[in-house]
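Working notes for the structure below.
In order of appearance the chains are A, B, C and D, and numbering begins at 1 in each one.
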Amino acid sequence: MSLVIENVTKTFPGQRQGLFGRGDSFTALDDVSLRVAKGASFGLVGESGSGKTTLTRCILRLESLTSGRILFDGADVHALASAEMRRLRSRLQIVFQDPYASLDPRMTIHDIVAEPLVIHRDVVKMTERQRTERVAELLLQVGLGTQHLFRYPHEFSGGQRQRIGIARALAVRPEFLILDEPTSALDVSVQAEVLNLLHRLQVELGLTYFFISHDLGVIRYICDDVAVIYRGKLVEQGPVAEIFDRPQNDYTRMLLNAMPDPDPDRSPFRRPAEAGVGA
Amino acid sequence: MTTPEPLAIPRRNQSARLENWSRAFYRFRQSWLSMVGLAIVVALIVLALLAPFIVPYPEHVEGVTNTAARFQPPSASAWFGTNALGQDMFSLVLVGSQVSLFSGLAVVFIAVVVGTAVGAIAGYFGGWIDEILMRVTDLLLTIPSLILAMAVAAALGTGVFNMIIAISLTWWPAYARLVRGEVIGKKEEQFIAAAHALGAGWPRILCRHILPNIVSPIIVKASLDMGFAILTVASLGFVGIGVKPPTPEWGTLLSGARSYMPDYWWTAVAPGMAIFLAVLAFNLLGDGLRDVLDPKARR
Amino acid sequence: MLLFVLRRLVLVVPILIGLTLLLFVVARLLPGDPVGLAAGPNATPELIASLRQEFGLDQPLPIQYWTYLTGLVTGDWGMSVFTRRPVFEDVLTYLPATLELVFAALIIAVVVGIPLGLLTAVYRNGVLDYATRTLALGGIAMPRFFLGLLLQLAFAAWLDILPLSGRYPLIEIPPETVTGFYTVDALIAGDWYALRIALAHLALPAIAMALSPLATIMRMMRASTIEVLQQDYVMTERALGLSNRLILFKYVLKNAMTSTLTVIGLYVSWMLGGTVLVETVFDWPGLGLYATQAILTQDFMPVIGVTLVIAIIYLFTMLVVDVLYGVFNPKVRYA
Amino acid sequence: MALLDIRNLNLAMRSYEGETQILHGIDLVIERGEIWGMVGETGSGKSLTGLSISRLIPTPPGRYLAGSIEFQGTDVLKAAERDMRRLRGRHIGTIFQDPTTNLNPVFRIGTQIVDVALHAGHADPTVLGLSAGASRREFKRAAREKAIEMLDKVGIPKAAERIDDYPHQFSGGMRQRVLIAMAMIGKPDLLIADEPTTALDVSVQAQILRLIHDLVAERNIGVLLITHNLGVVAQICTHVAVMHRGRILESGKVGDVLKRPAHVYTQALLNSVPTVHTKRGELRGLSGLTPESFA
């Protein structure tokens, strides 16, 4: 089972100006090709406007493709009939960036996590009682207690909500998980716990990760391979160790240098004399 | 896997939902203005329901006149005094509340149902469906609602049912625009993309995710609109296109009283104040609901 | 900017055509027999037939609509069966009275509403704030026609300082028409006596019409000012030492105006539609009275004429509001 | 006497649920030329401390229970509003986090920056290179000139033309530069920057930090940089104060605090940041900490 992206290009039509005129179109993805093997942890690094979110929406068929193909386990995602696509969705899930916006504020935690079980009830045959037990089991799996199963999202912290998002994604036992900057909205200490949780889940459930982030430290910690995307083009791709230690592309090199490192001695502003001595 | 110790699953008690509502009602109780509004609204509805049973002079309501007791000022026997035909104003106004309240309710109900349906479909599907539905809505919005309602009511003939149809015809577009805007706003939220990614179809997304999240602005507008619907019903009555006599209606009563101003002022003040109180009550209620339901609007 | 205005104009045409079609269908298909009413109870069949022929009511509907449409453009808006005069002529005579009333009410609502909204937003929860807010709630709830009656009762009947109704006393000669607005014409003619009479007659109906919009504009202005005051850029301006007066009247006001503008635009149509009520109370010879008589006699051509004029004025106002919105909000202008 | 001397600052904030104390005795001294980092997680009270220095927290709902904030000798908490207004913009410059919401959308950027320059100019004409008696027109002309000069200095290309553009015509990075120009145009002695680069991409963040560093070195001013990002602190700050739930747990030179942290919370924070060198499994969040460790 693997994800193959072949020469995907996506252009958005320009804004409609007046009745007839149309602004210039915008190319979000330009001939992107990459492969994610089963069980691997593939990282995609890019800044805002680089097209990384558009790519995830294309993989999930929330956006159409201008050209190119996306194959999931050999099946062409954008050619599937809607029924097959629905079944495929149970094997491919996503965790979003903003813990405050990715959970329906009007639903209890139980209903949120149980929703995939309800949607795919033809595949996952469960009674109401079994669904509740499965939800409780999932919450424990992501490190949450079951005592506030029927509470609403606004009663939880950012870190807890992100765990609920992960529980929902795991409900129908997917094989492939897309993580769209899952920890960038969290405090650094909470981020560490969520990253460790994700790592543990991958090992225990044999999941394949497609991990999107602008934080190179997070990518290094979670991913085996990485691709760097800049203005819709993949500028570099390969094993993390290789790319981080010997970047070939200027943009990658710039990103690596710009990333602030908590060790003062590595600061570009620090003239060696100044380090530790203070002005 | 973690060791499968017994899962402590709390009963699906409604405590969470209950607690939510009690906290909302606590905030509602904070502003006494909204409580006053709620009290009047409840009183009005109860009075309107009980009107036929508690009316002091039921025969006046059927049109019986008592010209001997013409133009009595407000007194113990006739709290609001009597009109040109000697009928007890209090009874007329009391029973008149039935027409105003229930037609107002009917107009808002029809407008909310039709408007929400049109707005949700136009907002969710966009494209040419949105274009067509919105052009029709804009078209109806350009027409001054009162005149069109008058024209339709006059052509279809007077009567409560025709009046309700006439007013709601020009009333639903406002809801269509409101719901369309809200749906377009909510459609972009991440939890909607999440529902898509889970494989949910458009009916589930629209009804289970989007609509519950836009219910508050609709409730607030509906409660504010109740007052204005009563006002429009009374306006039609005032212009002479309201209900067929002898059924009493606040607008017609006020219009009738006009010719006897300024000497017998109470014949006009009674129905006038009734309209004012009803509209004020629903506005206070609407304001209170907006502060509770729409946290952003908490001033 | 011009392109922005042109684009908006192009969008208005389809709505107008749609409007005439809708009105035409509504009027034609509705039951009710204007000719019968005009011809009188004991009219002979021949008289009714000739009347129908005279008004072209016997031709097939599409033809009637086409002649109607071409007529619209050339100023032939059909005949009023009741007044037996061209609708276009009637509309032209009654329109200025309604417009004068609506503009006067709008000016009162805006001139009083905007500053009051701003003040109550800045001095939130003060005595002024609570007083104006409760008054505003009362203002919105007060039916215009009932308010009209009360004003007549107080100022005309008991205090007798303002005329009870009517637009101009019959015994007086109104100033010669330039704009059709008595107040403006009197000013142009420099006839202070005529101006005083015109204003005296205009005062009560304008106030009755203005109270509800004034209250809503005030509340809208207050809400949007409060929202703007909570924006980040106001904190930055305050952090960089700009005075509260400069921040409020320059930086906050312009932002708050953008959202209040749309409400003002909507109120023009609400007022135009509602003139019939105030005109009935004050016997104000405007389009409202004319429309009411037409409706009561089921004479559909004037109703279409009046509704069309009011719809056109509404579309024109919305265009002006959009343009002003573009002036206030540069992002829209470059869209 | 120090540029900024905060002593035992205690602040409580009232919400409709009641009053909660936010700052529990903050002590901080900043001298000219020092770039102080104030690092802490959400809810640590770092932003409120920053806002207190220019007394931007309205009271109510805020209430200062105790302590003082002395800026060049004057106690900010007791100063008259008029004096405070003269301090803001002229002696204390402020930058906030989100460039998309900190510029007034319906005004040209020139209008806003010229107004700030005029304010500073009236407080001290020499800022605009004018004598006290200059006319209004001269003030306006000098202010616009200074604005263009400042925009150019912060790296806005073709500043003379772009001064009349609207905020929505600039990128996030450019807008942050405009905000820095506005904060620096009054020649302040202290710059308060609340998460200035959090909303920006890493590449733009590096340029903005470089800009702040150069401006500070050139004008020898004090800086309070509020952030949750330890990397930013390590990169640009000379000193750092670690905050947690309204208390400064540890403060001192960056080299000491970040290399040899004395407090267990600082150590835990440092261990939570995944750098390009962290090996998988090394990350440990705050799991090891108990409430006692903050006693």
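As a convention for this text, contacts are C-beta pairs under 8 Å (C-beta built on N, C-alpha and C of every residue); 3 or more make two chains touch, one makes a residue touch a chain.
Keep in mind that what you see is a predicted model, and the values were worked out from it rather than measured.
Counting hops between chains that touch, how far apart are chain A and chain B?
Contact-graph shortest path, chain A to chain B, evaluates to 1.
Report back the single chain whose CA centre is most distant from the CA centre of chain A.
Farthest chain from chain A, going by C-alpha centroids: C.
So using the touch definition from the top, which pair is joined by more C-beta contacts, A-D or C-D?
Answer to which pair has more contacts is A-D.
Report the inter-chain centroid distance for chain A and chain D in whole angstrom, where each centroid is the mean of the CA atoms.
Distance between chain centres: 33 Å.
Please compute the C-alpha centroid of chain C, do the same for chain D, then give the distance between them in whole Å.
Using C-alpha averages as centres, the distance is 52 Å.
In angstrom, rounded to a whole number, how far apart do the mean CA points of chain B and chain C lie?
It comes to 24 Å between the two C-alpha centres.
Of all residues in chain B, which touch chain C in the complex?
33, 135-136, 138-139, 141-148, 150-152, 154-157, 227, 231, 234-235, 238-241, 254, 258, 261-262, 265, 268, 272, 275-277, 279-280, 283-284, 287, 297, 299
Considering only the defined contacts, which chain A positions touch chain B in the complex?
It comes out as residues 57, 60, 62, 85-86, 89-90, 93-94, 96-98, 101-106, 108, 110, 115-116, 119-120, 132-133, 136-137, 140-141, 146-147, 149-152, 165, 168, 204.
Report the residues of chain C in contact with chain B in the complex, numbered from low to high.
Against chain B, chain C makes touches at 14-15, 18-19, 22-23, 26-27, 30-32, 124, 134, 137-138, 140-143, 145-146, 149-150, 152-153, 157-158, 223, 226, 269, 272-274, 276-277, 280-281, 291-292, 295-296, 298, 300, 303, 306-307, 310-311, 314-315.
How about chain C: which of its residues touch chain D in the complex?
231-233, 235-243, 246, 250-251, 254-255, 258, 328-331, 334
Give every residue of chain B touching chain A within the complex, in rising order.
Residue list for chain B touching chain A: 1-2, 7-10, 12-13, 15-16, 20, 189-191, 193-200, 204, 209, 212-213.
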